[in-house]
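In the two complexes below, chain A is the common chain; its partner is chain B in one and chain C in the other.
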Partner chain A sequence: MPGGALSRPPPAMAGRLHQLRKRLFSNWFDGIVTLLAGAALVSIVVNLVDWAFLNAVWSEADVSQCREVSGACWSVIDARGRLVLFGLYPFDQHWRSTLACLIIVITMILSCLPALWGIKRLSALWIAGFGTFVVLMYGGIFGLSVVTTEQWGGLSLTVFIFAGVFVLGMPMAVGLALARRSKLPVIHWLAAIFIDTVRSLPLLTILFAAAVVVPFVVPQWAQGDKLGRVVVAFAIFYAAYQAEIIRAGIQSIPSGQEEAAQALGMNYRSVVLDIILPQAFRNTLPSTINQVVITFKETSIVTIIGFFDVTASASAAVGRGEWGAYYIEIYVFVALIYFVFVFGLSRYGAYLERRTRLHHG
Partner chain B sequence: MSFSRSLGLCTKKDAAWIAESSKPKEEVIMIRSTTKTLTAAAIAACLALPASAADPGPTITQIQERGSLLCTSHNGSYLGFAEVDDQGKWSGFDIEMCKALATAILGDPEALQLIPVSWAQRFPALQSGDIDVIIKVTGWTMSRDTDLGLQYSRPYFIGPTNILVRSDLGATSPEDLEGGVFCINAGTSIERIVADYMGARGISYEALNFEKAEELRAALYAGRCDALAGFGPFLAATRFNAPDPEGFTILDAVLALEPEGIAAREGDDGFIDVINWMMSALLMAEENGITQANVDEIRANPPSASVERLLGASPGVGERLGLSDDWAYTMIKAVGNYGEIYDRTVGENSVYKLPRGKNHLWSNGGLLYSLVLD
Partner chain C sequence: MLRVLRNRRTRGYVIQAAVLAASLLLTLSFVLTARDNLVSQGIATGFGFLDRSTGWPINFSIIEATDRSPYSRMLLAGFLNTILVGLAGLACATCVGLAVGLMRVSSNLILNVLGTVFVETFRNVPLILQVIFWYAILTHMPSPRAAIDLAGLGFLSNRGLMLAAPAWSALDLAIIALSIIAALFAAHRFGGTRPLAPWGLALAGIVALSVVLLFLGHEPEMPLISQPELRGLRFVGGVTIKPEFSALLIAIMAFGGAYIGEVVRGGFLSVDKGRLEAARALGLSNAQINRFIRIPLAIRAMLPALTNQYVWLMKATTLGIAIGYPDYFMVVSTSINQSGQTMELLLLLMVGFLLINYTISGTMNWINGRLAIKGRS
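After this line comes the complex of A and B, so read on.
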């Protein structure tokens, strides 16, 4: 340490206040920028609070006041919020939709717990989760009335589509990524052509084909339910993108690891499951979370093929004479729903990154 | 599959249907050459037999076997025509027509499955059999009628293009809007309609185009334009949602008309017959003052022979369509006459207060009339 004994750090000055001053007002230009930005921020917050809380009307009974006040008319949420959350699901059966939605969300949360990670456990969990969801939503047994998938809607439909796409798409993606890395040329090329073809088609086209074109070209017994077809098609689309993310992860692992594992006599299954995939997933966690978040938001596209997801039921909620003027309130409500889910997903991604970093090296 | 049945009970309608279903869109995979041979055989067999009066055609048979009508609703809401109430139940003009048709065929307005479809999806959904019929403010255009293989009923709604103006301008006709600013939905046929109408009358105007309905409305409310041109029901909803609804007026002038029909698959004449007579019965009920409330009374003391037949008090109205004789009575009892449906959903008893205009009976200055029931 050359000269280290004599030079001490300068004395700390007034802690946080000093830091702020140094960062925000270090010269006159910074000062002006800080003041302007601060004023803009304050005025936005004040206006927002004013609109959303102070001048707002809250209950459906007071809807007549909405035209007079300058603030938000939350009466529309009071009156139409249930429609946004449940879509066309029969009104007296909403408890089933609520329960089904909770079950999927709980299944999602459970499968996020490291204790349940394992192919068998996760499969059992998701089969149980989806099974309960479908029984609750569709009914037909245990004295539950039948509710066909055309009547499913709102949040539980959005969550169901998202979960279905993720759960079907992820294994498919792993399979495709491994296939594309295969040393057999046929498998390698087939996987490559499949991925590139699916990626070059717009999601809308794929979903439209699954919902509308399939009935023309596939015999009736093989058609299945429209919702099922759409989830599978969406999953294929997701898998094509996710497969490339995983492949990037696999390629980031030095090939020496795989060779060493083979030299130790580990079989292919063990090399993939114990050495390659865990590292590939960890290395690509940010982009995987990115893709998952995008997929969650893209579920709203199913409205174009007649499904009543949250965005479609939101547009139904404002599409009635007396509520047409309050679309901003409904959009804010829907934005909050998406925010809760997407923010939750992002935070979970951040947690996973911290967790895997701890175990690293 | 209508195949074996048709061979047993043949009409010309069936022959047409079979010819239609040999196209690849039919849901059951068949070997094409066999199909063609069988089709030819079926047509030959059918032509040899006299048409059976009671056979209602494949769509109605299918609806009756299923016990419900598959009708269109919307992926969201379409103001006044297909909208959802707080409890997730459909209402609106198109939905009422679906109910009327379900009642006519099955005797029960609840024997109905409303399938949400988007605008783009409605035609393929009809062809693939996801729905039986399109009742979705669908204009009767030549390309749809021919290229898309649809068959239209008589128009059930005459869609006018109107102008909504700020009342304080004092305008009563488009001529008064000389030099004014029009808000117009960009990229729609409204743009052309306004240009044609104003051009033909030599009225100059300035157009302000917007993509979205919300933007159009906001611009009008904020006073950025003097007038808004568009589909009548949309204008009525725009006026209703204005901060000051009295501040806006819909002018009487009609810039253009679009006849909205009920569309079914080509070649099922029996089904189109039922739809046309359903419409006609709703209008005839209005012409004769038969309402949901007094239909029982009038059925007991019919004022004329045709009303007696319409309400099934004397036979004839059902059998010839392959329906029950009291179908019209049950239908009017369930949904009311045409005027009642109109007033309840888009007219004076609704929030939109859309004037009847061209959708009035001919005797009240409109374009609607019933067919002759003999």
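After this line comes the complex of A and C, so read on.
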């Protein structure tokens, strides 16, 4: 803490070392806690490093050593990693799956740039990114062979569900939020009942209904394939939560702004698109990112209704005999994949939150 | 001007009528298609199937439910399983969350680091992956013959956790219940502001009397506590906690604990610094500040967020189906597969979860109302 020479505390009290001492050994009880917790922390770190790096076996060729060492047997990733990442996607087409995932990741990174924050720009970006993803994965044009959705699996299926839910769910959420704020009572109440019902049900039951029950209550021609139905149902679920976030954002805007816009003769479309929504989104950016993070994690639920996403393929990779003993390594590997996505996104959300707080003082 | 108003009004009516008609038509078409499908499969609608026996068992239940039980009993067993794992999960997650949250707001650097590592690890991995992971760990434990001995408390094997359990008869339960009532009465009668000695004596007397009664009423070969014992290939006696239940509980505890930890931290950080400084200026000690200022204010700030977490965690118990824990959702979905009574069962499923959600949020709102500082919203 530089500056203010006269009012500074005596040198012995300032400085890093003193700060550290105060945060570790401020009194005898604190000291004991520090020693015990420190010992626990050190033992966790030492054991982890020991298991994951020092005593680990790395390549599939050395798999025979796995039984002898006490550490991790990463050979299983070497041997089964492709299954986890690509599922049942045809082996010689794996590059398409990789490229498609990269495109969505790039789309996500691009939409974090404030220069692209605009309703038209973001919509165009996501429709382009998602469209390219689907064309690459499904094929059928540009000489790419057709790969049906039953063969999609692994990380690209997780990414597809996530991106699909986001692209479909966001416009639905805006629609629901506006409907719930409508002055027409029928529209308002229908939207309110719909949103509250969806929000009170577990996601799993909604996906289950889409996969199993919809064929039962919807005529054959309107059913679509199972993956499509599940993505739409998931998008509805996301939209119900996102709609409430957007509604909170709209309510945080002083009503004078809407009235002023109307007084200037702007029509409803223009008031919503140019005045209300941009501010509503900016005000609720942290909650929106939080919801996106939760959605990414919850894509793993499709495992239960029989899709081969990255969680399901992890279980499949260790399900059969020969690699069954190394289940921890596979699950840790998949957990790391989720961690990278989710941790990255939530750090970005925290950064945005700090930024908005600074701007608002 | 009037015409414009009338036009806008008419337009509003037309839009509303159209939307209403469309939603009704959609619902009607669902119902009609469903009825066609039911007729073609020869399934009778209505709730008559609830009295039929199921013909399939579930592997875990706290009430008697076998493959000959009717659907109604099976659904009740599933519902109770959901409540059981949900309440146990909420309790454990709250304890873990409280510990982790306090670690994160503590002034001790090492505790901060430990708390942060815990939160970031368990919050950023999907719950279902954690459930599957813990289930894999628990089912890879040694077989009952080589079970791990937990120092007299019980045994851990791939069949579950076998714990010593109280083996109480109805008489024992009556004695225990009576003594608890007597103790509460003593506390009420002699407690409060009066000196400690008389009601402490009364309490000790009640405890001693009930212990003597419990031992007198027992034959020597019938122990009060039943210990699990290895007989052949499996354990007999005590109580067995199945790996399905434990895995779901551990996962909810860790995942929920991480989220609740953040709620707790948020609650403590929301306490205005000025109030703490004012308390210090008034000469309150650190313990007094914590007890009278910081904790009461933090709890009030936490409650709304905590309610959301509780409702969310309760819904998350449905993930138990991934490892075969027979919760309400699993029983309902099996029933749909087996009986084909899709619409009725879906309705029951929705009603069940609405009931749980509204009970939790109602209770939490009641607590919130009781705790709210008077004169402020």
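We take it that the second predicted complex is superposed on the first by the 309 of 361 C-alpha atoms of A that agree within 3 Å, B and C clash if a C-alpha of one lies under 4 Å from a C-alpha of the other, contacts with A are read in each partner's own complex, and residues count from 1 in each chain.
Keep in mind that, in the parts below, contacts are C-beta pairs under 8 Å (C-beta built on N, C-alpha and C of every residue); 3 or more make two chains touch, one makes a residue touch a chain.
Treat the numbers as computed from the prediction; the structure is a model and nothing was measured.
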Superposition on chain A - do chain B and chain C clash or fit: clash
Which of chain B and chain C A:286 touches, first, second, both or neither: neither
Touching partner for A:211 - first (chain B), second (chain C), both, neither: first
Which superposed partner A:300 touches (first chain B, second chain C, both, neither): second
Which of chain B and chain C A:83 touches, first, second, both or neither: first
First (chain B), second (chain C), both or neither touched by A:254: neither
Partner chain(s) touched by A:308 [first = chain B, second = chain C, both, neither]: first
Touched partner set for A:140, first chain B, second chain C, both or neither: neither
Contacts of A:327 with chain B and chain C, given as first, second, both or neither: both
First (chain B), second (chain C), both or neither touched by A:219: both
Residue range of chain B overlapping chain C upon superposition on chain A, of 43-51, 223-231, 241-249 or 349-357: 223-231
Chain B and chain C footprints on chain A, overlapping residues: 208, 212-213, 216-217, 219, 303-304, 315, 318, 327
Chain A partner contacts - residues on chain B that touch it in the complex: 24-25, 27-29, 74-80, 83-90, 113-118, 120-121, 124-125, 127-130, 214, 237, 240-241, 243, 350-352
In the complex, chain A residues that touch chain C: 20, 22-24, 26, 30, 33-34, 37-38, 40-41, 183-187, 190, 197, 200-205, 208-209, 212-213, 216-219, 297-301, 303-304, 311, 314-315, 318, 327-328, 331, 334-335, 338-339, 342-343, 346
Complex interface listing, chain C residues touching chain A: 12, 15-16, 19-20, 23, 29-31, 33-34, 37, 107-111, 113-114, 120, 124-129, 132-133, 136-137, 140, 315-316, 318-319, 321-322, 329, 333, 336, 342-343, 346, 349-350, 353-354, 357
Touching residues on chain A, where the partner in the complex is chain B: 67, 79-80, 82-83, 86-91, 148, 150, 153, 208, 211-213, 215-217, 219-220, 223, 226, 303-308, 312-313, 315-322, 324-325, 327
